[in-house]
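In what follows, chain A forms one complex with chain B and a second complex with chain C.
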Partner chain A sequence: MTNSWTDIKNTDLVVIMGGNAAEAHPCGFKWVTEAKAKRGAKLIVVDPRFTRSASVADYYAPIRPGTDIAWLMGVIRWCIENDKVQWDYVKNYTNATYLVNEDFGWEDGLFTGYDPETRNYDQSSWEYQIGEDGFVRTDPTLQDPHCVWNLLKAHVDVYTPEFVENVCGTPKDRYLKICEMIGETSAPDKVMTSMYALGWTQHSKGSQNIRGMAMLQLLLGNIGLAGGGMNALRGHSNIQGLTDVGLMSNLIPGYLAIPRESETDYATYMSTRGNKPLFPNQMSYLQNYGKFMVSFMKAMWGDKATAENGWGYDWLPKLDIAQYDALRMFDMMANGQVNLYFCQGFNPLLAFPNRAKMTEAFGKLKLLVVMDPLETETAAFWENHGIYNDVDPAQIQTEVLELPTTCFAEDDGATVNSGRWLQWHWKGATPPGEAKTDTWIMANVFQRLRKLYAEEGGKAPEPILNLAWDYADPEEPTAEELARELNGRAIGPVHDPADPAKVLVEPGKQLSGFGQLRDDGSTMAGCWIYTGCWTEDGNMMARRDNSDPGDMGTFQNWSFSWPANRRVLYNRASCDLSGKPWDPTRKLIEWDGQKWAGFDVPDIAVTAKPGEVGPFIMTPEGTGRFFSRRLMRDGPFPSHMEPFESPVENPLNPAMRGNPVARMFEGDLAQLGDRSEFPFVATSYRLTEHFHYWTKHNRVNAVLQPEFFVEISEELAAERGIAKGDRVRVWSKRGQVWAKALVTRRIRPLICDGKPVHVVGIPIHWGFKGAARKGFGSNTLGPFVGDANIETPEFKAYLVNIERAEGEVMA
Partner chain B sequence: MTIDLSRRGFLALAGTGVATTTLGAMGFGAAEAAEAAHVRPFKLVATTETRNICTYCSVACGIIMYSKGDLAAGETAELLHIEGDADHPTNRGTLCPKGAALKDYVRAETRLTRPRYRAPGADRFQDIGWDEALDKIARALKDDRDANLIEKNDKGTTVNRWTTTGYLAASATTNETAWLTYKTVRAMGIVGFDNQARV
Partner chain C sequence: MTTASEPTTAIANPPVEALESNLLPSDVVRISATRSPPQPDRQLTKVAKLIDVSKCIGCKACQSACIEWNDTHPELEANVGLYENPHDLTPEMYTLMRFTEYENPEGDFEWLIRKDGCMHCEDPGCLKACPAPGAIVQYSNGIVDFISENCIGCGYCVTGCPFNVPRIHKTAHVAKKCTLCSDRVAVGQGPACAKACPTQAIVFGTKEEMTAHAEERIADLKSRGYENAGLYDPPGVGGTHVMYVLHHADQPALYAGLPEDPKIAPVVEGWKGPAKTVGLAAIGLAAVGAALHGLFGRANVVEPSDETAAEKLVKSGTSGPGEGA
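Moving on to the complex of A and B:
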């Protein structure tokens, strides 16, 4: 989230699209209700199903799964055509006026530079024109045909309301009504918020769905404002934190990058990370990259990381490909290229697509180690459970170790909510039996491994032997010790750059903010964006003062929010060029003549005069991007792409299947189904009574939603002769499941390309362990293909068939 | 009722640890303490209250756990009840059907209580001691790393890349667990490293 849950009360219009907050995030959805009740805010819900969010919406429209880009580009087109644009914002805070390389263009749904052989773009033309002075060229009059604004106008031109109706199945009158409601928030003192979740991410072009809405929010001037922003409703209590701390193939904590092998040394690695500003005087915050990186390396390898050895650069693994994401690892596993695999609090047998492939993959491991508070299907992938897990244990040679861990009630530490608040929690229960904390397990494994290397030698022992391990009990580092490392401390004296004689932080002291980080080895910090969370004043994450002086929902003294305790990102953009809030009744910060101040931590240097520094200081431009340059693999603008399995052809290019640059492994292409054999669109979702595959272990939740079902329309039920409560078989090219049929009016057929499209809703929550009845997960059916940029599987739009099932035994 | 004031005082101090039964330590004035004491004597006296956060979705509702026994005092603690934290700015005491049944998750019959091992081809788990399990893991890591770590690529660049072992991290563990996991996994050279955000 750019904003926070409590900030939603400040909005005028909520758009829930790509999520279902009322059911998946119920207590956060209350803030929508609050905005409706107290401000008269309106709620729009766009979803293939008439969800519970939709049931309290002011306006609802259906959409065919996987067509969000067309829908959103159509809204941008409508806003431009009807002059619903926040012009001051667009001209000054976005890259609308920038000139783009004249070679850039597009045709047949593809941008310049496409190579069908490599399924990749040559992106060299996706760039600004840079003048002789080294700064980007602009046309403030917006006349130049190559300026971003005119390219955007031309790009969205095809997405007429008729095109949208035809592709998305959203009736034109409903669509236009929503366009009008959204367009109203282009007024400087009107704000819209976007709330989305996996309904947008689980597509082969998920990142572009989100960019589509971010661009609309820039056009309307809604980013950085109270009640505005792009609000990703993260699914789990700490996937925000796990990602912040860099637990992804290609990440270093704080969204720094694991090096590629072409970056042969530290200097080469840093040479492309200068982030030189593209305008005179602009603050480009990532110019400080080296300070964050060196402080991280010092946190890893302490004294052993020196300027001479490039801060231990050789000890970091180097990537030969973009990333070894989970889908790739499971594909390698299925091909016998992985021997050992760890699952820590994660149940991939139910979470990743093409369950048969997953089972095959686990069966090729030598050793699988599962650490979890609960029994999981993954740990028991070799157990026979009839149709629910149809395997022969005797044929599976994988060794499995299942290790019992503590859960939230039994450990201390911080989790990060959607709004980036790091909230410390305390243990209040004794772990059951021999269950241990994950930190104890990791420390014990590591200590043993380190001992083996010390005693036996072996390959590349340095990164293991040299790892900093300054914990009172080496076998159980405490949450406090680890949190203090994440924050960082001075190792040597930290000097004032303006006055080198002055020492800002004495050695050994905790740092108070990432402005104190240095690239000379005098500081260490595990995760620079968390610096400030545990200072010399103590644990800021433990703060529990719920006062809210400005009544803006910023709660400055409740926990700690990254970065720098800022509650609304880009909040400089909540003020006009002169530094006055666009809406004085919703002030976050303001320029008082000398400095920025208010009810949030300013997202700009506090003394940066209005007009001199652009508000988006994390970009070298200082502005928000309609045109994303070379940052996305599938294009600098979002372009309509069909799902890989789709009931219709892509009208922009009938020959194009799915996302033209999405990765497809050998074998998975043959496992894609065709609309002739699989005529219906499947989409997965959550129920309010269940959380993933965890709550099926709870008696209460298992009673509330005991049994796996699929949801279909009355029309589809009639077409297939299915009655309410019948047992049905649903199958895709990859597998089959049996379920109870829930026949509802919440799902209606959509008319796309002149033909009805039926949607089958498949909840995700069942397996063969726990207190609920045995069932299936939707992952049995889903395709093994991910988003082109971040490899999130396409669970929200694929093809299935359905029939009434006779004779099978009920669970 | 001085709910705002008294609860706020409770909050500011309770942040450093377990909220126990000593009303004075919670910042209540004498009169308010007397008032609060007679309103809820039983719960406060008989149990330890601990502030925590719901482990499910990212709304991250504040919860109060009521346990018999005080961990801070070195006792074992049995979780008896969980309710919404009325002072939490986001949920203001409310919980959804998942959060309201959190205690069932902590005390589920299918909680794991001891390490288990499944041998090749076996149709069931057998018990294994922690020491043996940890030794087995360390040995397997060492052998596979020594056999398959790519120290240098064909251009002679040091790459320390290990692709035959992978690690999938959690979604509900703390930042602190995440950081220790990060350190150890990266120090080994593992690149097949992901968390639930990937899905």
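Moving on to the complex of A and C:
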């Protein structure tokens, strides 16, 4: 989230699209009801199904799964055409005025530089025009045909309301009504918030879905404002924290990059980082990258990391390819290239696509170690459970070790919520049986490994032998010790750069903010964005003062919010050029003539005068980007792409299948289904009654939603002769499941390209373990392809067939 | 003695410290099958639970909280093509989300979700129908409570209830329903369901406060185009201590058959009220009339023959709201 849960109460308009907050985030959804009750806010829901969120919405419109980009680009087009643009914001706080290389172009759904052989773009034309002074060239009059604004206008031109209706199946009148409601928030004193989740990420172009809305929010001037922003609702408790500390296979804590093989030393690694500003005086905060990186390596290797050895850079793993994401790992596993897999708090047999491939993959391991508080399906992938897990145990040689762990209520620690708040929690119960904390297990594995390396040696033993391990009990680092380490402390005296004689932090003291980090080895911090969470004043995450002086939901003394306890990112953009809030009733910060101050931590140097420094300090240009630069593999603008399995052709380019740069492994292409054989669109989702594959182990949750079902429209039910409560078979190119049929008017056929498109809704919560009835997950059916940028599987739009199942009764 | 503070609303978190009880046996104002009602020396403030259907997201946290607080054990049923689970109120499930798909005259689709359960009528038909002394009581704050140790499981309360709420436990042979968490209210807390509700669709407090809160909600709904938004507090049963804010208060039946104008069945009124001399045959219960006849002259004490008659009565009873929804 750019903002926080509590901030949603400040909005005028909530758009839930690509998510189902009432269903999947019912507790956070209370802030939507708060905004409705206290501010008279309106709620719009756009979803293939009329969801629980839709049940309390002011306005609902259906959309065909996988067509969000067309829908959003159409809204941008409508706003431009109807002058619903926050012009001061767009001209000053975005890159609208910047000039782009004249070679850049877009045709047939593709940008310049596409190579069909490598399924990759040469992005060299996707660049700004840089002047001789080294700064970006601009046209403040927006006349130049190569300025971002005119390129954007040209790019969205194809997305007329008729195009949107035809592609998305959203009736034009409903679409235009929503465009009008959204357009109203272009007024400086009106704000819209976007709440989304896996409904946008689980697509082969998920990142571009999100960019589409982010661009719309920039156009409306809604980023950085209270009640605005892009709000990703995280799907797991603490998945935000896991992402922060390096969940992605190409990242280390604090969103720093794992080096590539080609970056053979630290200087080479740094040469492409720490972006130089594209404007005079601009901040480009990542110029401090080296301070974060050196402090991280000092946290890893302590005294062993020195200036001479590049702070231990050689001991970091180096990537030979872009990333070893989960899809790639499971593909490698299926190819017999993985021997040992540690599966920690993860149930991939139900969570990752093409279950048959997953089962095959696990069967090729020598050893599978499962660390989990529950008996997971993954740990039991080798057990035969009839149709629910139809395997032959005699054919599987994988050894499986289950290590029972504690769950969140059985240990201390911080949980990071979607709004980036690190909230400390205290152990509420004693773990049952032999359950141990994950930390205890990992520490013990590490101690034994280190002993083996020390005694027997081995290839590259340094990363293991040199790892700093200064915990009171080496077999169980405490949550407090780890939190203090993530925060970081001074190793040597930390000097004031303005006055080198002055010592800001004495050695051994906890740091109070990442501004104190240094690249000279005098500081260490495990995760720079967390610096400030455990200072010399103690555990900031344990703070529970719910006073809120500005009544803006910023709760400065409740827990700790990264970065720097800031509750609304880019909050400098909540003020106009002179530093006054666009809307005085939504004041977060303002320029008082000397400094920035207010109810939130300013997202700008507190003494940076208005007009001198752009509000988006993490980019080298200081502005928000309509035209993205160097970060997106599939284009600087979002362009409509069909899902890999789609009921219709891409009208922009009928020959194009899915995302043209999404990775497809050998063998998986042949496992894609065709609309002639699989005429219906499947989409997966969660239900309020359950949390993933956990709560089916709980009797109460199991009672409230006991059995696997799929949802279909009355029209599809009639077409296939299916009645409410019938047992049905649903199958894709990759597998089949049996379920109960829930026939509903909440799903309607969508008319796309003149033909009805039927949607089959598939919830995810059942398996063959636990208290609920045995069932299936939607992953049995889903395709083994992910987002082109971050490889999130395309679970939200794929093709299936359905029929009434005779015979066998559900067990 | 000092009494605990009256329950405040669930909006303002009630205190978590243990408080002295403010709901005592001496606060009972009506007792089933008892001729002379008690005369408590104090009057508790009337309470109410307000369920704002327009804020409800159907998450079933209320059902979950109800199961946990009351330590009930509903059966693990099958999915029969519905969101309702369990499929109906049961002796182990005192509250239930009922889901109705509705297309309004403007052609817009609505998914109406109503939390069903005991309405805690000011004039409780169950209590009037109950032949077992002390099995059903009403406190001066309005809560209608079933006292299982006095219950004989005859099922008369089911017939007496205009909302089809009580359920007879098959093995314990007692009637069960929502108690409005009288045990929590007794120590200044709100009901478990209100506590668990993430959107404050369920709130609890004095009836006066809840009515005022409902007015605000109704004004908000009217501003959003729900012209017929209103409060459901049906006068036919003297008003209820569980009330609904409905977007379509003119059509309560839309919400899984919520009765338009609930009244205590004539058979029950005839039996207990001033018209008790009216022959049962005249009001359509000739078959059981003979068995019930003996009840008229005395307080309701049940003979084995009455049980048999009652079972027949229950079986022939009219189907109520929600069935088959």
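Note that the second predicted complex is superposed on the first by the 811 of 811 C-alpha atoms of A that agree within 3 Å, B and C clash if a C-alpha of one lies under 4 Å from a C-alpha of the other, contacts with A are read in each partner's own complex, and residues count from 1 in each chain.
The working rule: contacts are C-beta pairs under 8 Å (C-beta built on N, C-alpha and C of every residue); 3 or more make two chains touch, one makes a residue touch a chain.
Just so we're clear, the structure is a prediction, and the values are computed from it rather than from any experiment.
Participant: Thinking of the overlay built on chain A, is A:W315 touched by chain B (first), by chain C (second), by both, or by neither?
Facilitator: first
Participant: May I ask you to decide whether A:E689 touches chain B, chain C, both, or neither, giving the answer as first, second, both or neither?
Facilitator: both
Participant: A:V400 contacts which: chain B (first), chain C (second), both, neither?
Facilitator: Touch partner of A:V400: chain B, not chain C.
Participant: Once the structures are superposed on A, label A:K30 by its partner contacts, choosing first (chain B), second (chain C), both or neither.
Facilitator: both
Participant: Counting only touches as set out at the top, which of chain B and chain C does A:L704 meet: first, second, both, neither?
Facilitator: Both partners.
Participant: Could you say whether A:P348 touches chain B, chain C, both of them, or neither, answering first, second, both or neither?
Facilitator: first
Participant: Go through the superposed model and pick first if A:A771 touches only chain B, second if only chain C, both, or neither.
Facilitator: After superposition on chain A, A:A771 lies in contact with both partners, chain B and chain C.
Participant: Identify the partner contact of A:M181: answer first if only chain B is touched, second if only chain C is, both if each is, neither if none is.
Facilitator: Neither: A:M181 stays clear of chain B and chain C.
Participant: On chain A, which partner's contacts cover more residues, chain B's or chain C's?
Facilitator: B
Participant: Quick check on the output: what are the common chain A residues between the chain B footprint and the chain C footprint?
Facilitator: 26-27, 30, 688-689, 699-701, 704, 771
Participant: Using the touch definition from the top, list the residues of chain A that touch chain C in their complex.
Facilitator: 22-23, 26-27, 29-30, 33, 36-37, 40, 50, 52-56, 58, 60, 688-689, 699-709, 723-726, 740-746, 771-773, 810
Participant: Quick check on the complex: what are the chain B residues that touch chain A?
Facilitator: 8, 11-12, 14-18, 48-62, 65, 67, 69, 71, 76-79, 87-92, 94-102, 104-123, 125, 128, 130, 133-142, 144-146, 148-149, 151, 153, 155, 157-199
Participant: Can you list the residues on chain C that touch chain A in the complex?
Facilitator: Going by the criterion above, the answer is residues 54-61, 63-64, 67-68, 73-83, 85-86, 101, 103, 108-113, 198-201, 217, 220, 223-224.
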